[in-house]
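Okay, so subunit A shows up in both of these, paired with subunit B first and subunit C after.
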Partner chain A sequence: MTTRSRDRGYWVFLLPSFVLFTAVIVVPFLMNVGIGFTRWQGVGDPRWAGLDNYTRLFADERFWASFRNNVALIVAMAIVPTIIGLVLAATLFDYVGKKVGPRAASLLRAAYYLPQVLPVAVAGIVWGWIMHPQFGALNELLKLLGMEPRNWLGDPGWALPSVMVIMVWFQIGYPVVIFMSGLQRVDPALYEAAEIDGATWWRRFWHITIPQIRPEIYVVLLTCTIAALKVFGPIFVLTRGGPGGATLVPSYFSYQNFFEKANVGYGAAIATVLTLVIIVVTVFFMRIQDKES
Partner chain B sequence: MFKVRTGVALVAALVALAACGGTDQADTPAADGPRTLKLWHYEGADSAMGKAWAEAVKQFEASHPGVTVTFEAKAFEQIRQSAGMILNSDEAPDVMEYNKGNATAGLLSKQGLLTDLTSEATKRGWDKLLSPSVQTTARYDERGVMGAGNWYGVPNYAEYVMVYYNKDAFKKAGVEVPTTFEEFTAALDTFVKAGTTPIAVGGAEYPAQQIFYQLALSKAQRPWVDAFQLYKGKADFKGPEFTYAADTFADWVKKGYIAKDSAALKAEDMGVSFIGGKYPIMISGSWWYGRLAAEIKDFEWGTFLWPGNTMSAGSSGNLWVVPENAKNKDLAYDFIDITMKKDIQNLLGNSGGVPVAADTAAITDPKSKELIENFNKLSTSDGLAFYPDWPAPGYYDVLVAGVQHLINGTKTSGQVLDEIAAPYDENLADIGN
Partner chain C sequence: MIRKYSVLVSLVVLAVVMLVPFGVVTLNAVKSPADYSSGGPLSLPGELYLDGIVKFWNRVDFGGKLWNSLLISGSVAVLATVLSVLNAYALGIGRVRGRMWILVVFLVANTLPQEALVYPLYYLAKGVGLYDSRLAVIIIFTVIQSAFGTYLLASVLGRFPHEILEAAALDGAGKWRALWRIVVPISRPTLSVLLIFFFIWTWNEFFLPLVFLISNENQTVPVALGVLQGDKMMDATMSSASALLGILPAVVFFLIFQRTLTRGVTVGAVK
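Coming up: the complex of A and B.
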């Protein structure tokens, strides 16, 4: 038996996942692409509309606004948590773990991860209470400090920043956990040698920690960017895209068209564009990672 | 070429499976075997409707030996978002509560998913029991527009928007129940001068847009409502009605009648703050009535119709619909018939609901009497003007966003009116008007 024909035998083992992938990802995606070329109310016969949905989409101010908001959420859900997560993980691993003890580091790591365990609806409702303009804890606190209370989720100027802060809180535990596990595989000798050479904590962080856990950083950035692109739950629970569209994101915009407006063709077109953006982002990250490695 | 229909069937089947959670039994028994009436509704068990329909189920089972009623409690949102797909599948119930209006029941009727109930309505006398204005939401034409055509649903209760007020707070401020619009705004001014924001509002959901609509109705006549809701004529968004509504609403925020920070508040926030005595006034629908009666313990409260208006947001309640794919339509008709009977209607009325075919003498609770009398005033004077979000699918969100701009002052009245006109006109083009 040649190597080639022996390799061919392994394809059988891939068959179940291939069937599943086709049934739950490829077929629905192709259908979604197809529906995006129609005018359809969800039941009955769809009418072929060609590129109408797409021409309408690219002229739709709400669609562009939703993508602008999405960029803000990428900052809040991927970039800021990655930066804070790096510092936190390095502090926990390098300082708390060594000076206070590994138990304290594990406890803190678990505490940071807690928001990720909470169902998004629960977290959203609780934050809704905290930020309630009339009897929320945050405004009460501000009043105690003699500061002006704000309409956090109801004022268009504050709604998106408020959602961003909540998302930072929500996301932070994930990079911390990944980076800490990444740090476990860094050779301690590197840190010891640097320390002996008199490198400061910051220098060790910059020249050892970051380069050594670069693969983890890419994974976190990629998964968090994708999560930010398709964010739906927090927006649904906190603001429903409001006030006046100030926190609208593409996935919620697509949902509105699918289910609220019975405008399924248009909703499918939005979903298709969103999927393509996610694919492009993924390929971009993968390419960079491949080049690096 | 992709096969949309096959795909839809697949999606529908998945949704139905998810919705039923696998607890369903096969309900296509042999003709001589035991039968099942599959009933879905979304009213809370303690609500007036919940109580009345539980009694209707009992009576149905007593009068139909061998038939079991399988009731599944659904969430309003659950049915609202997936009704089309579920009704297009084999998992459709035999009788279901569904939202009324062009964008909901009208859309499904147009798509052939609902059974035409016209002959049953005549045979069983439902058409005689319901007043013409209540019947509007039961009938839909071939475009799915309400008010004419065949019967696709049967409403057995009604609802309307009114002003709820805290009697103790009114007494304390020396404010009488207003009978004219001027007296109403004078009362609001009195509260503002005393440092109280008078009206509890939820800007993130329906309450704010209903106040906006009430203001438009104060300048409107029936032909305006018919144009806006039934597409009988051109709805003019820059006409005096909506212009007055948008200007006055913005002005009410400026004057402090409505809190500036209410844009993100939900309907629940509005209700809870009124129940907690934080605001002396709440403008909302009769669906709050039972809840207020049950939960307000610390003060006396009452209701009055919006002063000076001949019309108010209001309509029949939700509908009983029989899906085209229902397996036991005869049983569904029998069940609907029972919910229209006097004793069930009286129970609904005495539990804080607005019955449509009750025996007025049998309503004993004085508060319920007031509620029903006010409805009758509206109903008999052709004063039910439906709801502002009905004319187009998804219009609810459009109005929420528009009114939020008015609360926050982020757009002018004119800009808001343009913003709410565009999706309305788009829908008109969609249905070929």
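Coming up: the complex of A and C.
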């Protein structure tokens, strides 16, 4: 059998995927890019509008606000969980695992990971109830402590910080699990040698743990940043982008234009820009990763 | 000694803080409205009161929602795994030409935001009469999940021992037979991880099901709960009952699949 004929024989197996991919991903994506250049209400014929949607977009204060909010959510969903996750994973691995026992370490890990198993929309429902201005548990607790209750998700000044706290809670478990499994790869002799040399926990953390699990750190930062850029469920159930756009994010902004305002062309342009941002972020991370290795 | 305990205590405190929302929701889901209005959300329930859960269950036909979620997630898990295996067989073992580019396409498809597909999909689904059907959601997620599955499996099958396949070819087994009789059984551990992951990821999806499943009888659990959020008719105990019903299936899956999940998270993350 020649390589060529073998090659040809295997193409058949890609056929079902080729058809489905074209129908579900390729054509819709190209259509979305096309719709972005039109004015269209979803019914009737789209009218060609050239770059109108894009010029309007870049002048739209709400669009910029949605990206600023998205940056805040990247902090809450990627950066803060990575930092906390690093400290937690290192402590669980290097301290609890060794001095208290591996069972305690994996039990704690499971507790941190539990929110991650919830559908993110359900996590939003849980917190929507806890933060409810009238019957929520959070305000009740604050009253007990003699502090002032607030309308956490309904106050423009507090809505975004509240959503950020919820997302930190939701995300922490993921880096902890990934980093702990990465740490198993690290040669214990490195830690022992450092300990004999009198290195403090902090120095070991900084000079051994972090450099050793750098690949995991990149993966967590990349996947969490992408997740933050796509975030929709919690915004939908908690605030619907409000109050007054205080928690508006690009994905919800495009949804609004598609299905609530019948500005399909504008919504498509927002979605296209979001796609570009995600691709740029991905390429950027992969570049650094390549340079590192 | 003191240091050892202070570290441990702060870790335990954090664990408790992480779990408090689960506790508070459960506590109030089993409280009667009267109990709630006298004691508030932080008191212990005077007696076990399950009427709130039952009432909510019946009101939204939660059994139906569970069935929809199971049907959609289960179908997607199976179909997307099959599709991933077929693709990965061609890419990883068949090494078809241009496979690097094909893999890049799958990888890009996996990072595309669903927002950039949703309106055309909505429009096309309406055109072919699949709008507001579970089948539309099953087809879409089969493709989306298989993008990731192909990427992961292709690298696993790239390392598949070729001698076994050559021996089978000598025995007269065709490619199709070799796939089902040799490759699939040997890759079963990876395939089961994919199956479980596809199931749970699809279960947790919100955006596309929200757009596609507008009628009550088609909705999945997260969508049904999500659109009810902010409903004026919901009182405090019923709201927490709804949150608890959203939490429970996820926790059950977590307990069943815990090992596979933690293993799979790390397999999926660092390839």
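We take it that the second predicted complex is superposed on the first by the 266 of 293 C-alpha atoms of A that agree within 3 Å, B and C clash if a C-alpha of one lies under 4 Å from a C-alpha of the other, contacts with A are read in each partner's own complex, and residues count from 1 in each chain.
One rule holds for everything that comes next: a residue touches a chain if its C-beta (ideal position, glycine included) is under 8 Å from a C-beta of that chain, and two chains touch if they have at least 3 such contacts.
Please read these numbers as outputs of a predicted model, since none were measured by experiment.
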item	value
In the superposition, subunit B vs subunit C on subunit A residues touched	C
First (subunit B), second (subunit C), both or neither touched by A:I25	second
Which superposed partner A:L229 touches (first subunit B, second subunit C, both, neither)	second
Subunit B versus subunit C as contact partner of A:H132, first or second or both or neither	both
Contacts of A:G42 with subunit B and subunit C, given as first, second, both or neither	both
Subunit B versus subunit C as contact partner of A:G97, first or second or both or neither	neither
Partner chain(s) touched by A:G85 [first = subunit B, second = subunit C, both, neither]	neither
Subunit B versus subunit C as contact partner of A:I178, first or second or both or neither	second
Subunit B versus subunit C as contact partner of A:A159, first or second or both or neither	first
First, second, both or neither for A:Q256, with subunit B first and subunit C second	first
Contact residues of subunit A, present in both the subunit B and the subunit C interface	27-28, 31, 35, 42, 132, 259
Complex interface listing, subunit A residues touching subunit C	1, 6-7, 9-14, 16-17, 20-21, 23-25, 27-29, 31-32, 35, 42, 88, 91-92, 95-96, 99-100, 104, 108, 110-115, 117-122, 124-130, 132, 135-137, 140-141, 144, 169, 172-174, 177-178, 181-182, 215-216, 219-220, 223, 226, 229-230, 232-233, 236-237, 250-251, 254-255, 258-259, 264, 267-268, 270-272, 274-275, 278-279, 282
Touching residues (chain side subunit A, partner subunit B) in the complex	27-28, 30-31, 34-35, 38-44, 46, 132-134, 151-156, 159, 239-245, 256-257, 259-263
Subunit C - residues contacting subunit A, complex	4, 7-8, 11-12, 14-15, 18-19, 21-22, 24-25, 28, 36, 40-42, 83, 86-87, 89-91, 93-97, 102, 105, 108-109, 111-124, 139-140, 142-144, 146-147, 150, 169, 175, 179, 200, 203-207, 210-211, 221-223, 225-226, 229-230, 235-236, 239-240, 242-243, 246-247, 250-251, 253-254, 258, 261-262, 265-266, 269-270
Of all residues in subunit B, those that touch subunit A in their complex	2, 4, 7-8, 80-82, 84-85, 87-88, 103, 107-108, 110-113, 203-204, 259-265, 269, 273, 278, 392-394, 396-397, 400-402, 404-405, 407-408, 410-411, 423, 430
